[in-house]
Amino acid sequence: MGKRIGILTGGGDCPGLNAVIRAAVKVGVERHGFEVFGIEDAFSGLIDLDYRSPNGNRWLTPRDVRDVLGRGGTLLGTSNRNDPFHFVTKDAEGRPVERDVSDLVVEHARAMRLDGLISIGGDGSMAISQRLLEKGLPIVGVPKTIDNDLGATDQTFGFDTAVGIATEALDRLRDTAESHDRVMLLEVMGRDAGFIALHAGMAGGADAILIPEIPYAIEPLVRMVQARAEAGQKYSLIVVSEGAKPLGGDVSALGRKPGEMVRLKGAAARVEAALEGRLDAEVRVTVLGHLQRGGVPSSFDRILASRFGRAAAELCAQDAWGRMVALRDGAIVSIPIADAVARPRRVDPKGDLLEAARALGTVFGDEPA
Amino acid sequence: MGKRIGILTGGGDCPGLNAVIRAAVKVGVERHGFEVFGIEDAFSGLIDLDYRSPNGNRWLTPRDVRDVLGRGGTLLGTSNRNDPFHFVTKDAEGRPVERDVSDLVVEHARAMRLDGLISIGGDGSMAISQRLLEKGLPIVGVPKTIDNDLGATDQTFGFDTAVGIATEALDRLRDTAESHDRVMLLEVMGRDAGFIALHAGMAGGADAILIPEIPYAIEPLVRMVQARAEAGQKYSLIVVSEGAKPLGGDVSALGRKPGEMVRLKGAAARVEAALEGRLDAEVRVTVLGHLQRGGVPSSFDRILASRFGRAAAELCAQDAWGRMVALRDGAIVSIPIADAVARPRRVDPKGDLLEAARALGTVFGDEPA
Amino acid sequence: MGKRIGILTGGGDCPGLNAVIRAAVKVGVERHGFEVFGIEDAFSGLIDLDYRSPNGNRWLTPRDVRDVLGRGGTLLGTSNRNDPFHFVTKDAEGRPVERDVSDLVVEHARAMRLDGLISIGGDGSMAISQRLLEKGLPIVGVPKTIDNDLGATDQTFGFDTAVGIATEALDRLRDTAESHDRVMLLEVMGRDAGFIALHAGMAGGADAILIPEIPYAIEPLVRMVQARAEAGQKYSLIVVSEGAKPLGGDVSALGRKPGEMVRLKGAAARVEAALEGRLDAEVRVTVLGHLQRGGVPSSFDRILASRFGRAAAELCAQDAWGRMVALRDGAIVSIPIADAVARPRRVDPKGDLLEAARALGTVFGDEPA
Amino acid sequence: MGKRIGILTGGGDCPGLNAVIRAAVKVGVERHGFEVFGIEDAFSGLIDLDYRSPNGNRWLTPRDVRDVLGRGGTLLGTSNRNDPFHFVTKDAEGRPVERDVSDLVVEHARAMRLDGLISIGGDGSMAISQRLLEKGLPIVGVPKTIDNDLGATDQTFGFDTAVGIATEALDRLRDTAESHDRVMLLEVMGRDAGFIALHAGMAGGADAILIPEIPYAIEPLVRMVQARAEAGQKYSLIVVSEGAKPLGGDVSALGRKPGEMVRLKGAAARVEAALEGRLDAEVRVTVLGHLQRGGVPSSFDRILASRFGRAAAELCAQDAWGRMVALRDGAIVSIPIADAVARPRRVDPKGDLLEAARALGTVFGDEPA
C-alpha cells in the first residue's frame, strides 16, 4: 500500500505552482501508488482540518491536475499570513492575538496518517518547514521565489515568466515614451534582489536599471537622460526594483522640497519626484505589481516546475525527508532544507551579466560624473 | 502634378496611429501622386518649421511606412500640449507665457505650399483643427480616442487593443486573486466614458464594474463580495474607470476617517480605502495606466485605422476640406469636423450591453439594497 | 418550479463556445431558476442518454462554468459527424450503416423532461435543429461559424480570434520572408467565404489575398512579386483562403506540368506550385489549420458570445422556440432559425473593405494586365 | 583610430539575430570606436561588394540598431545558399554552375580595409568561417542554431522563443483535441536533435514526443492513445520532430498499404498515416514550419543574444580572431571556431529531463509492450 503524502503551497502566488502540483500528483500516484492529499491555503488546511476555501482540503488524483500545467495561480490556494508558529487569531473580544499552533499542525498531520508533506514555498515557508521538521513532521521542500533570490538553486520557476511580463511592459512603454518624448519609469518586483529588473531591463533595452544591490544617485540618471536628448533621443526608459534605494539611504534628499518624500509610496515614485525637479521632460511611473504574478507560465517555468514536482515525489518515495529539490548546472539535485534557508542570492555588481548591461550603455546610478 | 499634403498626429498615444499614417501615405502617393509631408509632434512642427524631434519634419514615402502597420506609437510623434491658440513658451526671464501662434501655423503651411493637412487626433485636436480651418487652413480630420467616446463614429481605433490589454490583465489578476482569496481592483482608462471598463469587465468576467456614467455606492460592492464569499468564492474582481465617481460626488464619504480621501490619487485607490474598512478580505489595486496605450495594435484596430487613413487621402484628393472620416454601420463615411466635436459618446446605462452584464450578475454600484 | 433546458454545441470547435455556455447557464439558473442539462458531443448525448465522453451528460451549475470564459474549446465536447437524420452506426458485421435516429432524439428529450434545448452550432447544426423543431422538439439556436459566413447575423464569435491568430502568423512570417527574400504563402480557413483571409490580410499587410469569392489568375501575382522586387522589396506575403479557386476552376492549368496538380492538397500548395515555375524567388507555404480554432478567445468574442448565451436563456424563458439569436447593428435580436439557414454571407468584391485593400495596393488575382 | 569590422548573418532566420547585431554595433562603436560595416545576405555582400538587397551593404551606427532588440528576422538579411566555396551562379547559357569564390571574399574584405569580420551563423556558416580564417580572413564567430544542437555552447538564442511558440501551439491544439476527441500531431523543427520537441512537449503536456535520437515504433503510441481513451480521455497530443524516424528506418512499414508512404511529406504525416489505420479516433496533423522562426524574441533570447554580440565585439577589440563566443555554466566564454564545428549536441535519452518526461507518463515510442 502506498504512502499518504500531503501537499501545500505557501507565500506569494508564482507562475508554475500548478505545474509542480501536477507533476507531484502524477508521479506520486501513477509511479509510486501514493495517495496525495491537497491542503488548502498553505498551512491553514493543517491548522484546521475542516478548512474550507474554494475547494477545501481534498484528495488529488491525476484527473484533478489534468488541465493545470499552463494555468497561473495555485489550485490549492496560498497565503502569506499563516505561520503556525505565529498564528494570528482573535480572542473573545475580537482582538487579534498571536498563538503558536505548530503542535496542532504536527498532530493533525498524524491524525490524517500522512507519511510526509511536500511544502512548496519561499524563504518563509522553508523556515517554517524546517522548524516543523524538527518537531517530527516529515517534509520535502520545493523552492519558490519569483525574485530568483535563493542561493541554493540556480533558478526558480516563475522568474522567467515575470521577466517576460516586465519585458513586454517595457516594449509597450517604449512606443508611448518615444511618441511623447517622455521618461518612463517601470517599477517591478524585487525587494532584496534586482534580478527581475536587471533581466527585464536588458531584454527591454532600458536606459537605466535601479536595483537593491546598487544604491543609486540621481545625477547619473539626469546626465543619461540629457545625453540621450542631445543625441536626438528625447525619451528614456528606466526600470526600478521595488527595493531600489538611493545612495546614503536618505530618501528625503531626493525630494524637491524637504520632507516631501515621506508621503511617496514606492521606489519608482521617489525617483520620479527627484527627476521631475531636474528635467524638462515629462516623467511617468507605471507599477506592474500583481500583473507579474498571474498569467500563463512560460515554457521554461512549466518544465522547471514539472521537474521539481517530480523530484519532490521521488524524494518522498525514498523517505528523503528534510531535503529540498534544487537546480544545479542543469540537473535536479536535493539539498538540506536547513541549508537552503541560509543562502540568499543577490545580483553580483561585478558579474558578467551586469558588465554586459553597462557595456551596452545602461546606467545603474553609481556612475562617476 | 500632385498635391502637397501635411500629416500630423495629436493628443495621447493610441494603437493604430501608424496604420493611419501608412494608409494615407500609400494611397496618397501611389494613387493620387501626392507629396506627403510628415509634421512632428502634433502642431509643434507647424509652429516651428525647423522643428526637430527624433526624426524631425520630413517627406514621407511608402518606403518610410513599410514596416509600421503592426507597431505601437506614432512615427510622427505627438503631444498633448501644443495648442497653437494657447501656446505656452517662455519669456526673456524664463517665465511661462501663453501666446496665440495660430496665424504662424497658417502662414507656415502656406510657406510650405501645403494644399491641405490631415489632422489625426481627439476632441482637442479636432477643435483646434476646426478653428484653423476657419482661418483658411484646408484640413481633413481623422478621429482618435482610445476611450471610444466620440459620438460621430461608431468606433475608433485603439479601443479594441486597450480592451484586450485590460482583459489580459484581468485574466492574470484572477489567478492571483483566487489563489490568495483577495479582492482585486483594476483601474483602466476612461475619464468621462466607461467603455473600456465595461468591455474589459465583461470579457474578463469582472464581478463589479464602476464607470463614470453610473455613480456608485460602496454598499452594493460590499454585499457582492460578501455574497460571493458565502457561496465559496472568496475572491472578487472589480474594474474601475479612472473617472468613476461615488454617489453624491462626496469622496470623503468613502474614507474610513473624515478627510482621509483627499490625499488618495486615483479612482481605484478611493474604492480600495472604502472597501478595506468594510471587509475582512485583503484588497489590492493595480493601475494599468500607460500600458494600455502602447503595444501591437489588434487586427481590428489595424484594419479600421487603415480604412480611416485611406479615406482621409481620398478626401484630400476630392478637396473635401473640413470633413472628418467616421465609421457608420460598417461603412466609412465623412462628416463635418464641426459636428464631430459637438457629440460625445457615453455608455448607455439602459443599453443592451450593460443589461447583459447585469443579467450575468455584474454589479455597477447602483443596485438597491 | 423552473424549466429544464438542455444545451449542446455542434460542428467545428470555435473560440467563445464556453462563454456562450457560461452565460446561458448563469442567466438561466440565477435569473430564471432553470435546471440546465449539458449534453455531450453535440447530438450524441441525445441519441444515447448514457453517453460518456470526458465528462458525460450532466447537470450544469454556475460553479461548473466559473472559470471558462477565457478558455478555448467547449466543455460539452462537439462533433461534426452525428446528424440524427443520417446517423452512421455499425451493423452486426461491423459495416457502417446509416440510420435516421431523429425520433429517438425527440423521445429522449421528452424522457428527460426537457422543456427546451439551446443548440449552438453552424449551418449544419441549425438545419438539423430546424428539422427537429418541426418534429416537436422546442429549440433555441445560437449561431456559430468561425468563418463569419452567416448572413443572418452581422458577426459571429470566434471570427475575431481567428483573424487575430492569422494576423500574428503574418507578422511572424514577414520577419522571415524579409530576411530570406522569400515569397510566403499563408493558408487560412474559409471554404466558401474569404473573410478571415481578407481581414487578416489587411491587418497583416499582405501583398495579395486570394478568396473564394474572387477566382484568381497567377499572372497578377507574378507581376506583383516582380514589381516589388524591382522596387527593392524582394519578399512578398500572400494569404490564401482554403477555398480560393483559380480562374476557370482548372487547377491543372496551374501546374508546371500537365496533371501534376491533382496530387496537391490545399489551395496554397497549388498557388506555390504555380508560382515556383514562374519566379526566381523561393516560395514557402504555411497552413495554419487547427491553430485557428483553439486558444484564448479575444475580448470581442467573449463579449459577443456572452451576449448570445444570455439572449438564448431569455428566449427559453419566453418560450420563443424556433428562434435564433443574432447581432444586428450592435443589438442582439432574434430571428427564425429557418431564415438563418437560408442566407449565407459572402465577401462583397465591390465592398468598402475590399476597395480599401485594393487602394492600399493589395492584389486579388483578378487585376487586368 | 578604431578598427573596421564587418558583420553578417548566415543560415536560417532565428529570433535574436537583431539583438546580436545591436549589441555588437553599440559596444563596437561606443566602447571601442569601431566602424561597423553591415554585409547583406550572409556572404553575398562580400562576394559582390555592390550587393543590393532591401538595404544593401552599409555602415551601421547605434542609431540604425536603436529599435531592433525586440524584432524578429535580421536587418542584414540572410541566406542558406551562398557558400563561397561552392557558389552557384549561371553560365552564359543560363545553366547553373558551381564556383569557388572564396578568394574573392578575402580580397573584397581587404579592399574594404576590414580589420575583421563577425560571422553569426550555424554549423554551415562556422565551417565556412573556419576555412576563410585559414585563408587569412580574421573572423570572430557567434553561434546560431534554433535547434540548440551545438555542443560547444550550453544554449543558443532563438531556441527559447521557438519552444515558446510550439508550446503555445500545443495549448491551442489541446482545446480542439479535447472538444473533438481527436489525436493531434504537431510537427516542430529539429532535423537531427529533438530539443524543441522535448521541451515544448514537456511544457505543453504532450502525451508522446518523437525525436530523432529515439527511433519509434507505432505500437507504443497506439497503446497510449487506447489507454487514455479507456481512462476517459479520448484525445491525445503528440509532438513530432521533423527528423523523427521509425524503428528500422523503414517508413513504408508505417503505411496502411505497401508503398503508400513514399508520397507522404513530413515526419508527422507518416505517423498520422500509420495511426489512422490502427485507431478509431480522428487524427490530425499541424506543421508549425516557418512560424517558429519569426516573431518577437523571448526575454531569455534577447539577453543571451545581447551578451553574445557584446562578447563578439570585445573579441574583435582583443584581436582574438578564430574564436567563437559561447555560454558555459552561465558565463560567456570563447572557444576556437574549429572546435565548435566538431561537436554536435543531441538529446540524451538517459538524461534527467527525458527521465522526468517519462516519469510524467510521456511516451517516446521505444516503450516495451
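Just so it is clear, A, B, C and D label the chains in written order, and each chain counts residues from 1 on its own.
In this text, a residue touches a chain if its C-beta (ideal position, glycine included) is under 8 Å from a C-beta of that chain, and two chains touch if they have at least 3 such contacts.
Since this is a predicted model, take the numbers as computed values, not measurements.
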The C-alpha superposition of subunit A onto subunit B, two copies of one sequence, needs a rotation in degrees (nearest 5) of 180
Rounded to the nearest whole Å, what is the centre-to-centre distance of subunit A and subunit D, using the mean of the C-alpha atoms as each centre? 32
CA centroid of subunit A to CA centroid of subunit C, Å: 41
Do you know which subunit B residues sit against two or more other chains? 171, 232-233
Could you draw the chains as nodes, link the ones that touch, and say if you get a line, ring, star, complete or other? ring
Once the touch criterion is applied, which pairs of chains come out as touching? A-B, A-D, B-C, C-D
Along subunit C, where are the residues that touch subunit D in the complex? 9, 13, 17, 41, 52-54, 71-74, 77-80, 165, 168-169, 171-176, 178-181, 184, 232-234, 263, 284, 286-287, 289-291, 293-295
In their shared complex, at which residues does subunit A touch subunit D? 23, 26-27, 30-31, 63, 66, 69-70, 154, 160, 163-164, 167, 171, 199-200, 202-205, 232-233, 296, 298-300, 302-303, 306-307, 310-311, 314, 329-332, 352-353, 356, 359-361
